[in-house]
Structures are given as C-alpha cells and as structure tokens.
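Just passing along the structure, written as structure tokens.
All chains are identified by letter, namely A, B and C, in their written order; residue positions are counted from 1 within each chain.
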Amino acid sequence: MSENTSTTPRPDRVTLFASCMVDQLAPDVGESTVEVLEYLGVMVDFLDDQTCCGQPAFNSGFRSEAYPVAERFVDLFEKVNGPIVVPSGSCAAMVRNYYGDLFRGNAELADRAKRVGDRLFELTEFVSQFFGTDAISGSRVGTATYHKCCHLLREIGVDEQPIEMLTNIDGLEFSPLERADVCCGFGGAFSVKMPDISSAILDEKLDFIEANGSSTVVAADTGCVYQMQGGLRRRGSGVQVVHIAQVLAESIKNSDSPEVKR
Amino acid sequence: MADRATFIAGVTAGLGRTEVLLPSSITETASFEDASAAKAKADKAATDASERSNELADQMAEEATKAGWKVHRASNSEDAASYVASICVQKKATSVLRSNHDALDQIGVDAAVTNTGATLEKTEHSGDYSQDQIEVSKSKAFSADIGITGVDYAIAETGTVVLHPRSGLSRLVSLAPPTHIAVLRSGEVLDSLDELFAMERNDFMSGELAGSMNLISGPSKTADIEGTTVTGIHGPLEVHLVILADS
Amino acid sequence: MKPLTVNFRSKAAMTLADAQIQQSIEHVYTGFYKGRLTAAGDTPDWEDLRTKGKAIKDHTIAHLDYYLGLLADNVEKNGGSVFFADDAEEARRHIIDLAHKRKIKTVIKSKSMVSEEMGLAEAMNDEGFETVETDLGEYIIQLANETPYHLIAPAVHKSRADVAKLLDDDYKDGDRVPDATELTMMAREKLRGVFERADMSVTGVNFAVAESGSIALVTNEGNGRMSTTVPRVHVAVMGMEKIIPSIQDLSTMLRILIRSATGQRISTYVTMVNGKRRPEEEEGPEEFHLVILNNGRQKLLEDPQMRESLNCIRCGACLNACPVYRKVGGHAYGWVYPGPIGAIVTPVLTGLKDADNLPAASSLCGACHDVCPVKINIPRMLLELRYRTAEGSTDKDERTSSATERGIWKAWRMGMMGRRRFDIGSRIASIALKPLSRNGWLTKVPPPISGWTSTRDFPAISMSSLKSRLRKRNEGSK
C-alpha cells in the first residue's frame, strides 16, 4: 500500500499517468479514468510528454534500456506535486517496488524515484483509499465477474476493493470467479516469448470464466484484459473483458447525477 | 578433497569475511536462551500439563481422533487392559511386542495379552546387545502382529504421541507391526509443539537429551498415487490410543 | 544428476500436449495448494511464524560458517562422523567407500533431494549394492527410471495405470486399473522385506540443529523411521544450508514447513535423531554419518542478490502455486529442483548459459513469494537472472540474448525517449496493421509478437493517443 494514510484529506487534483499501453492501445480506458476521477471531484492533469515507466525492458532483463526511460519518468513526474494516478497495477508496482532495483548504484536517483512512488497510486487503490468503495454508484445492468490481476493483488495489495466497487453498482449481478487470483498468463513479453505456456495458463483461466457464466469479466490491467479478451474472441466467445475504469465510467453515465460531484 | 577447515573457510569467504563471526543474539531463535531460561520454559510446560490435565486429555482425544487414531477413554487400568486384550482378539494376534514403558506395567498389559493366547515378546533389558541379538529382535518386530508402547509425551494441538527410546526394543515396537497401541496417562499431554521442544531443549541443556525422538500423529499414510490419501503404508496401518483417566 | 536444462522448451511443449499429465498435475493445486491455504487460514499467527522463520534462516545463513562448525562439533560429540563434501562426486565416493568398508549389501533410501543431486541411488546400484528408494513416490520413479517431478510428490505425474505397470509384472493395458489403496499395499509388501534386510540407510535432513547435533526428518509413510532405526549404518545427507540454530526453533520451522508442503498441521511422523543408538537400545544404527554438501551452494552464498535462495526449506509450496509449473511439469526444469525455486537455484548451481529459459518461464505473478513460508522474494531473483542473461552478466557466455532481441529493446528505448516519436511510432504501427484488422482486432501480427496470434486475437492500435483525446476533450469543454 502507498505511504498516504487515511488521515490525509481527499485530494482534489491529481496527475494522470496513462501507462504506455493505455495511451496508445486503449485510450478509452484513459478517458474513462478521467471521467471517474472528475466524478469524484478530482481535477486531472495530463503531462503531454509522458511515455512509459520502463517495465517491459526491465522485465526482459534489459536494464540499460529501461534505465533512461525510467529516469525520464522520474524527471517528468517529480515536477508535479500531489498524487499521481495510473490505471495499471503493474506500472504502479514497477515505480514503487522495482525502481529501487533498477536504480541500484545511483542512490540519489533511487531516492527521487521513491519520493515519486510514495505518491503514486493505482486507480482502484486511489478511489477506495480516499473516497471509499461505495463512492461510485450508478447502474450498469448485466452479469459480471472479476479477475484479480497479479501485480495489483500481490505487489500493490488491492484485493477485494474493486469487487466491492462493482457490487455497489445497481443492476450489476456479480458472481465471484473461481481461481480469480490465479494468473491469466500475460506476464508482458512472456506472452510472446513463451506463447505456448502463456496460452495454456490462459486456457485454464478462460475455462473458469466460461464456467462462471458472466457476460462481462472486469480486470484492472490492460495487458490482462487483452490476454483474456484475445483468447475469448479466438474461442468464439461473446464474453466481454472490460477494464474496471470503463465499467465505473459507464455506471456513472447511468447514475442519477452523472455530472461532477461536488 | 574437502576437509572441515577448508570447507568452512570457504563459507566464511563466501560471506565476504576473513574470520568466523560469532552471531549476536536475535530474539527469533532460542539458541541464545540459557539453561535457566530453558528450564523455566520446561517447568511451565510441565506445570501446565499437570494443572490442565483433564482439559488437555479431552483435547488430545478429539485431535487424535481427527488424526486417525482409534481413541479409547479408559476409566481405569482394568478397562485399559481389557481394551488392549480386545484388540489382540480382534486382530487374531499370535505375537505381540511391548516396550519398556511403565504405563504398561501399571495397567497390567502382560497378563491382558497372554490371556488372549498371544505370545508376548519381551526383549532383554540388560543392555549392550550383540549384533546377533539385534537381528533376532528385529525379526520378532517384523513378524509381530501388534506393538504396544506407553508415551513420553502427547501433544494436544495435533493429536501427537511422542516417544523417546527405551531400553530394549521400543522404536520398532511402534513402527514394524501393522497395529500399534499407545497407552497415555493423565498429565502426559502438552499443549503444542512449543511445549514439547521446550521440554526437549531443557533436557539438552541439562545433558539429558534422548538419543532420538519420534512424533507419531496417526497411522502411516501417503498421497503419492494420484494425490489420493491412502492410510497404511510402511508404518502401522492402524493405531490405537488408550487414554487412562486420572486415578 | 546431469542437468538437462537446455531442453526446457521442448520438454515443456511435450508436457503441455500430454492431457493425462495435465490432469495429474492438477493435484498439486486441488490438494497441496488448497491444503496450505486452509492450514494457513486456520493458524492465527501464520504471518508472524513466516516472519520468524525468515529471521531464523537469514540469521543462520549470515553465520553459516559458525553454525556449520557448531553442528559438526555436536554430531561428533554424540559419537557421529561428519564428512564435508565440496561436490556431488566427493559425497558419492565417500558414501560408496563407506558401504564397501562396512560390507553393506542392501541400502534403503528415504527421500532426499540432495541425494538426487548426487545421483546416489543409481551410482550405488552400479557399484553392486542393492539400493532401493523407500518413499513411495521415489520408489515409483526409481522403477520408472525417471527423475522426481515435484519436491514432495515425486510421482505426481503418474496415473494409477502407470503405477500398476511398474509395480505388477503381470499387469497389462486393458486390465482393470487397481485403486490407490491396492497399489499402495503392493508397494508396502514389496518394500517390507527390503526394510528388514537393509544394512545401510541414506536419508535426507529436513533440519539439522546446530546446538545439539540433531537431525529432524518429516515424513508420512514410515520409511524415514525405518531408515533411522533398522540398518546398522545410517548416513544422513544435507545441503550445507539446512541448519537451524536451536532445538526450540523446530517448533516454528516444523509448523511452517508442514503446513506449507501439504496443508497438514503435522506430518504423520517427525523423527529427531541425535546420533547412533544408545547402548541400552536393542535396535538402531551402530553408526551415524552426516554428509554436508556444498555442490555449488557457494555460488549462491557469494552472490548477494541470490543468497536469499539458501533460506529455502524445500516445502514445494511455490511449485503448487506456480501457474507455469502446473503446466510444464517438473521434468522441464531439467534438474533436481523444479518450479520457482528451481528457476532461481538451478541456473546458478548448474550454469546460467544452458538454463536461461528457466527464469524466463514466468509471468512474474508473484504467487510463489506469497506462499513461501520463509518469504523468499523469488520474483526479484527471477528478474536478476533475466538481467544477467540479457546483458548484465560479466561472463559473456551467460549473456544469451540474441542480437535481434537487443536490437528490439534498443529501438523500444529510442521510441520511449520522446513523446513525438512515441506518438509517431504508434500511429505508424496502427496504420500498418489496419489492413489486417477486423472490428478492432487482428488475427495475425508480425514478428517479434507473432507468437501472440497463434492462440489469441490482438487488439488494433488506436488511431489516436490518449493525449490527443484529452486535448480534444478539454477543447470541447471550453
């Protein structure tokens, strides 16, 4: 969990870190994230120059390539104050838990990185910590289940909060996914470096999703969303995999007061 | 070719040092607790076992049953002896082995067994056995139908019986025959592993650590074939626990 | 055991295609993993125990030289002998020589991963000693002439029919498959005579207690008890890291080991041995020998990034939690230790060059770290080894990444170092892939990501970035 305590007053302004994947592959998720935050009365700034936190190269072992990209991230985001929100548990984990290893040997940069990381939150973490899991209501009719993305669960420590948020939505019939906390097999570059293993792990996940019977699977990391959606499509399944930001944003649009809460 | 000094010197170097560093005290390991601390812990465990003997016996009965012991609460020695006899009859035992625990003398196990027609194998207790004697006894143990022991301790938390070796034959008595009967007396039950190892450590610190110790928590089992638990493999297939009430 | 780590990908592929093994490996999840979860949930101070266990192991390894000396002194004080072996060959040679000197005929082995490192059973059989594995799972794989599939359940991949073929000479395909109980009784009968005639045993060591010179064995079957009681010579083999300082520490370590391994609160048997039999005992070994093996653990010790792996108490929980292990099985890892712990120690102990696929075969889900009784941060060490194979090792043979891969990440970095090129690069990719996409999805993508579309559809890259979307949105709201 992040450094901020519950006694900290609710932030009214944050900087959005999209993550490279949301920025270029799934900007809808980014827009939904902004809509959710604005609904909560939070103003959202976007740093135009942002690119990536460096995780893909770091996870593949190419730290010399990840280093400058990550340093650039720190340079950029330390110039703003206040919380930084990212709709991705894995990117949050990279900045908070792995920048220390990446910047090993440069204590000063590691320290600057830590200070940025201390005010960086994943989206559902941010909402549940500062506004509560019941802060967003509205409606979104349909059956849904939730997959617990690994980094959000184990590196950031967000477990049931997104489920509480989902069950707070009118008309959403939630049923828990069996083996929700077992990996979907994405793992970043692993999904293409060892596609047979990644797909075998995915197959098991999709079997449980199909057994669950929900029409929507909700998850909080775009990579996992694509892994599962891509696999379901290939099976000819009509099940939709949606990022939680989009579910919350849709629900807000259907609420009694979809305008900005003040 | 490794010798101790070179091997350990290599480990020292691997740790980035040139000399062995004496460890400083950390709370998580008990190795820095001295003899009096060890004794205090053991005394407390013993007192507890005695003061709460009824409660612990009840807990033991419950946990031992869960662990797969067939538990018999004996109201007195006669009851205990007659239970032992009934198992001998049930198993059509011809050869029965016993250990040198005085709980067994207390309940009169010898007569109970021989009265069923089974042969009670006792082993010599004169010490300093020859290899031939050992082989003969081993053979007796492997062909016995039932082995009967007392206990040194029991652990209520897990339904465990704790055996130290006795003179003569004792380890094999609870291991080789397909049926094992353990006789437990009031006051022998400890709460948990913590208390057991407190007793053991105290024994060690006073120079009296037993040569070996076996913790037994039910009949032998395995799940090595298709993850299916099967009761009864190399150790006893059936284990009985006779809990003797306070007299 | 000869490392075959270089075969990881092909072995993994074979296992993925084997429906029967896939079904069998499920047991490690439905049985062991679920068992551990329940046991941990039922233990109120579980997290404290893990913290304590980690502290005990950290402390012991940090002072391993001291505790090795203490252990050896105390084993000898109890009348036992200690042999320090630099490598597997030395250890094997010592045990074989001992067996010759003592005119041993039959050797029983109880489960020991260290003895697998030495290939001991095979070597002793070759030397003419009847050497039999007595743990049921190990016995089955010995008969099958295979290596262990799992740390705790070595034959987890075998079906009942497989086992029937191994235990019953008369069994043929098409016969009724005996149930697990029948097969287990067959094994009991076969091994009973072996126990009785064994004159030497080789056991592993779950914990060696330095302060008293004791060893502790955790078993369920009774073969560990047979091995410490019946033969006249008992040899215990251990990796040099398997030490704990105090007898009292056993209550912490046994709790976390056993619950983590199988979910049991305690194993059927826990045996503590303090040397050979005492004079008044009419049973038990005449001699106790402890063989302490280095066999490359030196490299883990010297390596501050990898040293934590020496804390491992070999419970197997990480295997049971690992989505990769549960698909590729134990043999793919190519050596004694499979699963996440294998992925970090095997490369260091047997050579990173041939074992580079092991740390790569992970989605970094972190389940292993979550379940480890002593909180070993396996993901961190997987990342460290990936760094070494990609570019970080000072040994160029270990830097196995291809020029193509290095080129890809260089191009990636260049693309991420400026917003304009980040946008332009993405738009170019988006346009290039557009002809291949239907309804926002592609069924084929080019290398280096072509592996994706063998089994999954790939999302089209957006025509507009979030930056431009938000710009439009802000303009719109003015």
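Please note the rule applied: a residue touches a chain if its C-beta (ideal position, glycine included) is under 8 Å from a C-beta of that chain, and two chains touch if they have at least 3 such contacts.
Just so we're clear, the structure is a prediction, and the values are computed from it rather than from any experiment.
Peer 1: Going by the contact rule set out at the top, which chains touch both subunit B and subunit C?
Peer 2: none
Peer 1: What chain lies closest to the overall centre, CA atoms only?
Peer 2: Centre-most chain by C-alpha means: C.
Peer 1: Could you state the distance in Å from the CA-based centre of subunit A to that of subunit C?
Peer 2: 32
Peer 1: Suppose each chain is reduced to the average of its Cα coordinates; what separation in Å results between subunit A and subunit B?
Peer 2: Centres of subunit A and subunit B (C-alpha means) sit 54 Å apart.
Peer 1: Which subunit B residues qualify as touching subunit C in the complex?
Peer 2: Against subunit C, the touching part of subunit B is residues 1-4, 7-17, 20-23, 26, 28-31, 33, 38, 41, 123-125, 127-129, 131, 133-134, 137-139, 141-142, 155, 157-158, 160, 165-172, 175, 192-194, 196-198, 200-201, 204, 209-228, 230, 232-236.
Peer 1: Provide the residue numbers of subunit C that touch subunit B in the complex, in ascending order.
Peer 2: That would be residues 24, 27-28, 30-31, 52, 55-56, 59-60, 62-69, 72, 82-86, 90, 134-137, 140, 153-156, 158-160, 163, 179-181, 183-185, 187-188, 191-192, 195-196, 210-212, 214, 220-223, 225-226, 228-230, 232, 240, 244-252, 254-255, 262, 265-284, 286, 292, 294, 298, 301-302 of subunit C.
Peer 1: Within their complex, state which residues of subunit C touch subunit A.
Peer 2: Within the complex, subunit C touches subunit A at residues 9, 12-13, 16, 323-324, 327-328, 360-367, 369-370, 380, 383-392, 401, 405-406, 409-410, 412-413, 416-419, 422-423, 426, 441, 443, 448-452, 454-459, 461-462, 464-467, 469-470, 473.
Peer 1: Which bits of subunit A are touching subunit C when the two form their complex?
Peer 2: Per the touch definition, subunit A meets subunit C at residues 18, 20, 22-27, 30-31, 34, 46, 48-52, 54, 56-66, 68-69, 72, 98, 101, 150-151, 153-155, 181-183, 185-188, 190-202, 204, 226-227, 229-231, 233-234.
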